[in-house]
Structures are given as structure tokens and as C-alpha cells.
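Have a look at this one.
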Amino acid sequence: MQTHQAKRVEITIEAIMQSRLTEALLSADVTGFTVLPVLGGSGRSGAWTRAGEIGRASGMVQVICIVRPEKLDKLLDAAFDVVERHIGVVTIVDCEVLRAERF
Amino acid sequence: MEQILSLAATNLLSPIILSFALGVAASLARSDLSVPEAAAKALSIYLLFAIGFKGGVSVSAHGIDVKLGLTLLAGVILSAVLPLIAFALLQVMTRLSRLDAAAVAAHYGSISIVTFVAATSVLESSGIASEGYMVAVAAAMEAPAILSALWLISRSGNGQRMDSTLWREILLNGSIVLLVGAFFIGWATGEEGLEEISSFVVAPFKGVLCLFLLDMGLVAGRGLRERSDVLRPGVLAFGLLMPVIGSLCGLGAGLLLGLSSGGVALLMVLSASASYIAVPAAMRVALPEANPAIYLTLSLGVTFPFNLTLGIPLYVAVATTMTGG
Amino acid sequence: MEQILSLAATNLLSPIILSFALGVAASLARSDLSVPEAAAKALSIYLLFAIGFKGGVSVSAHGIDVKLGLTLLAGVILSAVLPLIAFALLQVMTRLSRLDAAAVAAHYGSISIVTFVAATSVLESSGIASEGYMVAVAAAMEAPAILSALWLISRSGNGQRMDSTLWREILLNGSIVLLVGAFFIGWATGEEGLEEISSFVVAPFKGVLCLFLLDMGLVAGRGLRERSDVLRPGVLAFGLLMPVIGSLCGLGAGLLLGLSSGGVALLMVLSASASYIAVPAAMRVALPEANPAIYLTLSLGVTFPFNLTLGIPLYVAVATTMTGG
Amino acid sequence: MEQILSLAATNLLSPIILSFALGVAASLARSDLSVPEAAAKALSIYLLFAIGFKGGVSVSAHGIDVKLGLTLLAGVILSAVLPLIAFALLQVMTRLSRLDAAAVAAHYGSISIVTFVAATSVLESSGIASEGYMVAVAAAMEAPAILSALWLISRSGNGQRMDSTLWREILLNGSIVLLVGAFFIGWATGEEGLEEISSFVVAPFKGVLCLFLLDMGLVAGRGLRERSDVLRPGVLAFGLLMPVIGSLCGLGAGLLLGLSSGGVALLMVLSASASYIAVPAAMRVALPEANPAIYLTLSLGVTFPFNLTLGIPLYVAVATTMTGG
Amino acid sequence: MQTHQAKRVEITIEAIMQSRLTEALLSADVTGFTVLPVLGGSGRSGAWTRAGEIGRASGMVQVICIVRPEKLDKLLDAAFDVVERHIGVVTIVDCEVLRAERF
Amino acid sequence: MQTHQAKRVEITIEAIMQSRLTEALLSADVTGFTVLPVLGGSGRSGAWTRAGEIGRASGMVQVICIVRPEKLDKLLDAAFDVVERHIGVVTIVDCEVLRAERF
């Protein structure tokens, strides 16, 4: 089956920042993304779990964007603006996709 | 004094408080007892709907008080001013950075709706009436404190991001909308509406509150277990002193306004309580560098239990004494 | 006429409708108020169980009517025929593609159980009796419409995937199984069973319905906010006209069958209402190229609110007038 | 005998049992009906809280029985000894490996709290009183069986991991903590506390139990559908015989202790029932090589339905006969 | 620690199609997969979130399959058959696995 | 934007083993991880879904760790100790990260 090169960017970020991140993505012409729930985690700012929270302040989500390689830099710039002052992690992986016309 | 003690004792031995204590104990003992996130949110939706609705019905029964507007205004002012007092106190009592102090201060100007709900249930058990519109006052007191705190920070030259999105998020956050919406529904449908759904919003109310406080206890206990290192003596002392100071401001305002004894007590409770939902969320956006461990542990782990167990009976006793109720 | 207006006014000012309105308003104002998915599903399980159970108890009390079989058959025929009418109307009134028109048509042949529940609660408040087996008729009307719509499409040469898995999914979808299962449980246990659990299935029913409709309002409002561009004038007009036409078909059938005034009203409501759970799911599998924005916005954003607010009182008034009830 | 049959018939036609049957049937028919995980957990939190609380209130009303300590001790011994009997029986009746047999045995020494809850509701309907502290006995019987099973395995030289973390997890698992905690809350607040929240913990109890058993039926049915191949004749026979043997041990202990007829029945039910939450979790950690399909299918798919439908009325009838109640 | 080359395929698809996808996978001899919940997303057919849905029609899930490289083509063929007419995204990433005998 | 090489390790494991895994990670100096919920899956020990479970015995979670390449071996040793006797899958992917000072 024919596949195409792409980049898979996964951004783990506070739920409260999600809408700001996706707006930044849209303004960088990244219109496709998928959001996964996160149950808990640990990092420099300590450990947390969804069961230990009241309200939405500290829960996190994972935003996944698959983009053509040439769009990557613009995406990272946009994402960095949002995560810069906040906790969160950004990883980039090389991947292949089916149906490349969608990206 | 005797009255306070007896009220405190009754309060401490109510299923509501004991459920909270069970939650704290289970967390401290590292039990895996937990209430699913969705269930906890559903319980809070129920409580907000029920308390708002009943407040509205009571307003529809007694007509609008001329004091409604004034009390709302007093609430807004209290919410805006209390952070300034809290900030000054934190500067004196603790070594928190200005940023952390401002973030904490915002929490104490704003309110805890569960503390308010618990107080209404104590008033009810004691047969003390209060103004139905106090739930609207509670809603009005959520946000102004955030503005004060951000002003404190901007004065010290620190940047912060306060965009229009954040304003909408704060003013139209789910809790406020549900509380105020249910209040208007109750007002519009009145006693008739209450009859239709009272076996939902009235009868099981206290039981639901038990389960909700069980969950609050679990979360508060977990916070204390994991983050109690932020509770330096000065910080801890602030968490116990500030609600008392807040309640006195509320007392003054309530007496000036000439509220009923229940109304004064509730205004004291609102002023004494600290936010742990709306304000933390706003702080994560506007002041992400402030340490959440400090404000969450103080508000949820210290001030909330203090108000729930000792504060409420104290405020009720003082309010009834001062209003001669 | 006066009766209609007064019924409509009472209806509009009930906590149930106002809760729906609150949800719509909160969504349109972009508040973050939301009911967790699990809680919304739990509420719907409760409503289906309670309505099915009470229907069964009522059948056990009044014995089986000879009309039960005929009414079920009438329901199946209505569900199968209404999509043909809807499709023809859409061809005339709108510029939707045949595919989109067929998908929309399927929704209007099928039913909305929440509209049905809201109608039973209006009947109850007005003291109008109805046949308990109408919940079984509701279940029978869910699926036939899908078949009709797929037949419409296959005629125009479009391929679609209708496999046996999909049939099982449609006929044994959770809502139908729960509704019918609870109906049989109610029938089997009768008044005695009702007594055992009436403080669960009867007392808090309307209150639960309020919270459920709050969630429906949130979802409907969100759909309107995000997808209202699909509501071209013709499409919108269809969403308001079709329920009225459907209700007239239901009226005819109900009168022919000689149902009670409540039964006629409920058959009108079923015929007038449009699906937004079972049929959309089936369409995603069988007609994935049809645009969900169109059928969801029409069914949930236009026809559902219309029925809830104006439709139900109208249908009840007409039914009582025509049956001389 | 007649009494047993009539009790069994009433039991079988109660909404509670029929809800369970509906769940099983829906699963076997591969309907997609399901109760969200969070909702099921919320229901179980409600049931544990309510049953524990009511037990505590009853103890506060009747004072502590001198038999409390002895009954707790008897429960612990039963829980520790029953796995030995079960293990011997499995060696004789089945070809399970020692590891699988030990894992299954652990389940039958421990208890199913829902079976207990269903039994209390049967006792209540029949107006048979029981000792309130039986809920504490239920909690005490959860863990000892695990120790026995691990001892059985260690004797045969198999390694297993039993660390202190696991001990804490077992002894402080959420169900035990909530049950015992609510028991103490009920004890402390007594009749007065019950009055405050009885429209929450008493009135809707049976209805909630219906929905919970619907979910249990769905899960049990699914297990039977997917994993019934593990139910070789010998294994199946064990799942039906062991509860009867367990109940006889419970009967003996109950009579020796001189419990009331309700108390004897409940001790029989506890001994007859098998765990499907706490013990499976412990087995996954301590004996990961044991096959979960076997112990889950036996406990949830065979023994639980047996006890629920036939076992409970049988045990109640025997207990009332033997105590002359 | 010894690791082995494998392919990690992630398929984001409508929840209603999940059982059809996993059946297709099984018929392609892919017996191992993991399903993750998805909170929301955005693509050519617009944005959606789980909080904005009634019923199960439009929610999505992410199905992850780890397979030996030689099984990849058969897997993609099977998956493509299901996603072809539906919305959804397929990515393939090179990975290493522990305990290769399991795949 | 400047990125850095890292390894992305994803461990799918029974929920009941989660705390044991994260403790093992901590003892291997891996202090950052994210936990995702898992809805269901299939493997050598059969299929399961969250909807078909009572209690917490058989649900699974996915633990994601992003680490510098030089830390990988220690991480895998620690993780292997925990998953060895249990069901579960471990995959390793090469990735790039922003803000490398965090890892």
C-alpha cells in the first residue's frame, strides 16, 4: 500500500490550555489534530492523577498532529508560543501515512 | 459560647462532616478509595442546580428584597478587597514570593460554593432563615478577586496574560452559569416548580452532599499527603487566620446591610471561604509561574476543612448573636 | 385555542423546559458548562428504565388491550412510511442531495425517546391517562425508518453497506433493549414491584429529566453554534413543518385505532419526533458519505426544541379535542 | 419446603433479580447496552455507603452485642478455612493446576458484597431482623482467604510476590474502607443521622440496586459469552456445590454463635458468596500466571447468579427454620 | 536489553466502526491491538468533542497495533478496506519491542 | 526550532501494576512520565474492554516515558522487571523533543 512521509507531533499540555493551543494550531494552518485524555503523570512539577483533582485546573490532555514535513516548523513555532510559559512536553516522530491528500 | 460549642459538636457529628473526615482519613492511609471524576462532577452539578433552584424559589416566595442590589454590590466589593488584605497579610506572615502571594490572595477573595452549601444545610437544621438571593451573591463573588490579584501583580511589573478568552472563561464558567441559571429557573417556576421536583432537589440533598464531601475529603487528604511540605508555619497560620478575618469583613457588611441572621452568617461564610476550582484554573492561565501546590493545599487542605468543621458553627453563632436572632 | 395557549404557557414555564433553555443559552454563550459523558449516559439509562418500567406496570394493572398488536403494527407502518413523505418534502423544499435527503428522512421516521418522556410528564401533570404499552410502540418505531431510507437510496443506484452486524446493532441497540426489558420487568412485577422501587423510578423522575434536558440543551446549542450554516431556509422550514405533518399522520392512526386521548397524543409525539441517537449511528455506518451536520442539526437543533416547547402542548390539545377527552 | 419455594418465587419475580436477568440476556444477545464504568462505580459507592451506614445506625440503636467480637472472629476463621475446603474440592472435582485451583479457592473464602446487599433486601422485605454489625463481619471476611490461598501455593514451592504494598492494597481497598467508614458514621450519628439522610440512603436503595444488578448482569453475561469454554463440567459443578458447602459452614458458625435468624442467614450468604473485585485484583499481582478467565467466570458467571436467584431464598429459609425464627 | 524491529500502526476511527476494524484485523491475522479513547479532534469534516455528543455516532477511538514488519502490508490492506469510505487517519511508525515472541 | 534526540517508550500494562511500574521507573531515575487510559484490547490472553469489567483487576493503562537515549537501557531494565511476569507490551520509538533540558 502506498504511504507518504509525515511528522507526528504529540503535545502533552494542561487541559485548560487546550483551546489556546488548538487556536494557535489553526492560525498556523494546522487544521487536523486529535485530543487524547490523560490519566496522570509526573514531571518536574511533581506527580498528579485525575482522581486527585477537583475541577479542571491541573488535568492534562495530549494533542496529536500529523503534518507534512514542510509544515513542521510553523507548527512547532505556534505550539511553542503556547507551551513556553506552561508545563508540557512536545515530541516529534517520523511517520508514514495513508491517504496523504488529507494532510 | 455554649451555643457555639453545642452547634460545633452537632456539626462535627453530622454525617456530612464525618463523610469528609472519612475521605481525608482514607487518603492519608493511602487507601485506593476514589470517586470517579465523572461522578464527582455529576454530584457537583446536582448540588449547584439544587441550591440555585431553591434560592430562586425562596426569592419568588418572599419577593425581591430592596437589599438585593446592595448585597450583590457588597459581595463584589468584598471579593475585590479581601485579596488586598490577604496579600498584605501574606507579605507579613510568610516568605512567599509576590507572585505566589498574589495567587493565594485571589483564592481568598473568591468563594467556595460547597462551604456555602454546607452552611445552608446547617442553617436549615437549626431553623434559621436566610435570604434566597444569597446564592446570587455567591456567584457574584467568584470573579472580582481575580482582577484584584492581577492588579497586584501588574503593579510589581510582572507580566501576565489576561486575554478576553480568559475573561469569558471566568465569568461564564460552568459553576456560575449553572448556579445563576438554576436560580432564575427557581424564581420563574416558584413553589409550583419546587413541588414538581422537590423529591429530587430537596429530599436527597444532604445525602448527596455526604458523598460529595467524601470525595472532597479524598482530594484534600491526598493534597495534604503529597504536598504538605509547602505548609510552612507562617503559611499554615495564614490559612487559619484569613478565614476569620474574612468572616469579620462579611459580618460588618452583613450588619450594615441589615440582613437576616442567616443572611449575615452566609455572607460571613462566603467571605471566609477560599476558591479551589475557578481561581486555580484562572491562575494556571494568567500566572502559570505561581506554584499551584501552595494555593491548592492552603485553600483545599487547610481553609476548607477549617470552615467546614469549626468555622461554620462559629460564624452562625456570631451572626445570630450579633443580629439578636 | 385558549387551552393550547395555556398548556403551552404552563409547559414553557416548567423547570424541565427551562433547564433545556438554560443549556442552549449556556452553549450559545460559549460557557464551559458540560455534563460528563458518563453522567449523561447514566441519566438516560435511568430515564429509559423508569419509563419502560412504569409502562409495564400500567399494562399489568389494566390488562392487555386488544389494541396492543394493532398499535404496534401502526407504529411500524408509520415509521416506515414517514421517511417517504419526508424524502419527497425534502426534494421539493431543499437542494439537499438524494443521499443527504434520504439520511434526513430516516431520522424523521424514527423517534426521540426523550420527547416521548417529556410528553408523558406533561400528560401526567394534566391528569390525562394513556395506554401503558405506548413505550413498546416507541421501541417498535425506532428501526423501520432506517430500512425505508436505505431502500430510497438503493433505488437511486447508490451503493450502501447494510450488513447483518448493522441489523443486530440497530435492533438490539442499548436503548431499545433497556426500554423493552424494563417494560417486561414492570409488567411481570406489577404494582407490587412498583411499590418496592417507586421512590426511585417515580419520585425523582422529573428532576432527573431536568438535568438530562440541561445536557440536551448544551449539546443542541453547541450544534447550532457550530453548524448552523447548514440550516438554509428550506432546510430549516422542513425541520419545523415535518413534525407537524408527522403528528397529523399519528393523529389519523391514533383515531382509527381508537386510542385514549393520551394515547393519541403520544402517537402524535412519536410520529412528530426525530431520532438523534440510533439513526445517526446507523447512517454513519451505512451512508458514511451523508453529511452528519445536516441531520444532527435538524433533528437535535430544530425539531427537538420545537416539539419540546410548542409541539407537545399542541399535540396534546389537538388529541384531547379530537377524542373529545 | 413450601416456604422455600414461595420465597424463591417472590425473589425471582422481584425487579432486582429481573434486572440482573435483563443484563445477562442483553449481553448474551450481544446488545451494546452498557453502563458507563464511572456510573457503575458511583452506584457501588452509593450501595456500600448506604449499607454500611444503615448497619451502623442499627448497632447504635441496639447497642453492641457481646457477640460482635466473636462473630468477627468467626468470619475471619471462615474466610481463612473455606479456601482450604475449596482447594481440596477442586483437586478432586477438576483438573485445574494447583495454581489455578488456589486462585479460585481464594475467591470462595472471600465474599461478594452485592450478594450480601441483595440478601439484606430480601430479609427486609420478609421482615426478618438481623444484627447490624454483619456489615463489619462482611468487611472482615474479605482478606483472610487471600492469605490462605497464598499459603497453599507457597507450600507447593511456587513462588509468588506478596509485598507490603499488596497487603495495604488488600486491607485498605476502597470497598472495605468505605463500608467500614460508613458503618462508623452510622454508628456515631445514629437515628438522628439516619433521619437527615434517609431519603437518600433508604428510599431509593432498591431502585439503585436494580440498576447495579443490571450492570452486573451485563458483565456476567459477557463473561459467559466469551469465556464459557473454561467451564468444564467439573468446574461448573464446583461453582454450584461450593456455595452450598460454604453456606453450611456459615450455618454452623451462626448457630454456635447464637445469632438471630437474619444474622445466621447473612453469615450463610457471606460464606456462600465468592469475591469478584478484591481477590481478582490481588491474584493479578500475586499470582499473575493463574488464569483470570477461570476464577472470574466461576465467581461472577456461576456462583453469583446461583446465590442471587436460588441461594439466598434457600439460605434464608434454612436459617429461619433452624433458628426456629 | 535485547529489542526487535516492529511497526507501530495507529488508526484513528469512528467508535461505531471499531468492531468492524478489529474484525478486519483479526481476519488479517493481527490478533494484538490496544484501543485508546479520544476526547475530540478536528479534520476536514470539522471539529468535535466528546462533551458535545449525544450517543455514540460521532465519537472516535484510536486503535494501536504493533506488528512484525512483514505483517504490515496485510494489516494496512485490511484496515484500508474499513477506513476507506469513513473519516479517519492511519499512521505507521518504526519501533522496537521487547519480548518479540509476542508479536 | 531547535530539537534534540530522545527515546519515547510506551508501556501498556495492567492498571493494578501501574504504581509498581512508576515506582520502578523512579528508582531508575526516570521521573517524567504520562499515563493514558486504555479502553480495551486484545492479545494472547484474549480480548477485553473497560465496559466489560467490574473492579480494577483487568483494566490497562499506557505509560509513556520520554528519556535521553543514554537513559534508555536503565529504564528498560527497570520496566522489564515489572512486566516480566505480567501481560503487557513495551515499544521504543526514536523521537525529537523541544526543551531538552527537561529530560
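The letters A, B, C, D, E and F name the chains in turn, as written, and every chain counts its residues from 1.
Here is the rule we use: contacts are C-beta pairs under 8 Å (C-beta built on N, C-alpha and C of every residue); 3 or more make two chains touch, one makes a residue touch a chain.
Only a predicted model underlies this, so the values are computations on that prediction, with no experimental measurement involved.
Q: By label order, what chains touch chain C and chain E together?
A: none
Q: When every step has to jump to a touching chain, what is the lowest number of steps that links chain D to chain E?
A: 2
Q: Which chain maximises the distance between its CA centroid and that of chain A?
A: That would be chain D.
Q: Using only Cα atoms to place each chain's centre, name the chain farthest from chain B.
A: Comparing chain centres, E lies farthest from chain B.
Q: Go ahead and note the Å separation of the Cα centroids belonging to chain A and chain F.
A: Distance between chain centres, rounded to whole Å: 19 Å.
Q: With chain centres taken as the means of their Cα atoms, state the distance from chain B to chain E in Å.
A: The computed centroid separation for chain B versus chain E comes out at 45 Å.
Q: Which whole number of Å gives the spacing of the CA centres of chain B and chain D?
A: From the centre of chain B to the centre of chain D is 41 Å.
Q: What parts of chain A, by residue number, touch at least two of the other chains?
A: Touching at least two other chains: 36-37, 56, 93-94.
Q: Give me the residue numbers in chain D that touch at least two other chains, ranges are fine.
A: 32, 34-39, 42, 199, 203-204
Q: Taking the top-of-page definition of touch, could you list the pairs of chains it picks out?
A: Listed by label, chains in contact pair as A-B, A-E, A-F, B-C, B-D, C-D, C-E, D-F, E-F.
Q: Tell me, which parts of chain C touch chain E in their complex?
A: Listed in rising order, the residues are 34, 36-37, 40, 161, 165, 216, 218-219, 222-223, 226-227, 276-278, 280-281, 283-285, 288-289, 292-293, 296, 300.
Q: Which part of chain E faces chain C closely enough to touch in the complex?
A: Where chain E meets chain C, its residues are 14, 16-17, 19-20, 45-47, 50-58, 85-87.
Q: Can you list the chain E residues touching chain F in their complex?
A: Chain E residues touching chain F: 1, 3, 6, 8, 22, 26, 31-37, 61, 66, 93-99, 102.
Q: Residue numbers of chain C touching chain B in their complex, please.
A: 13-15, 18-19, 22, 25-26, 29-39, 42, 125, 199, 203-208, 210-211, 214
Q: Sort out for me which residues of chain E touch chain A in the complex.
A: Listed in rising order, the residues are 12, 36-44, 49, 60, 62, 73, 76-77, 80, 83, 89-94.
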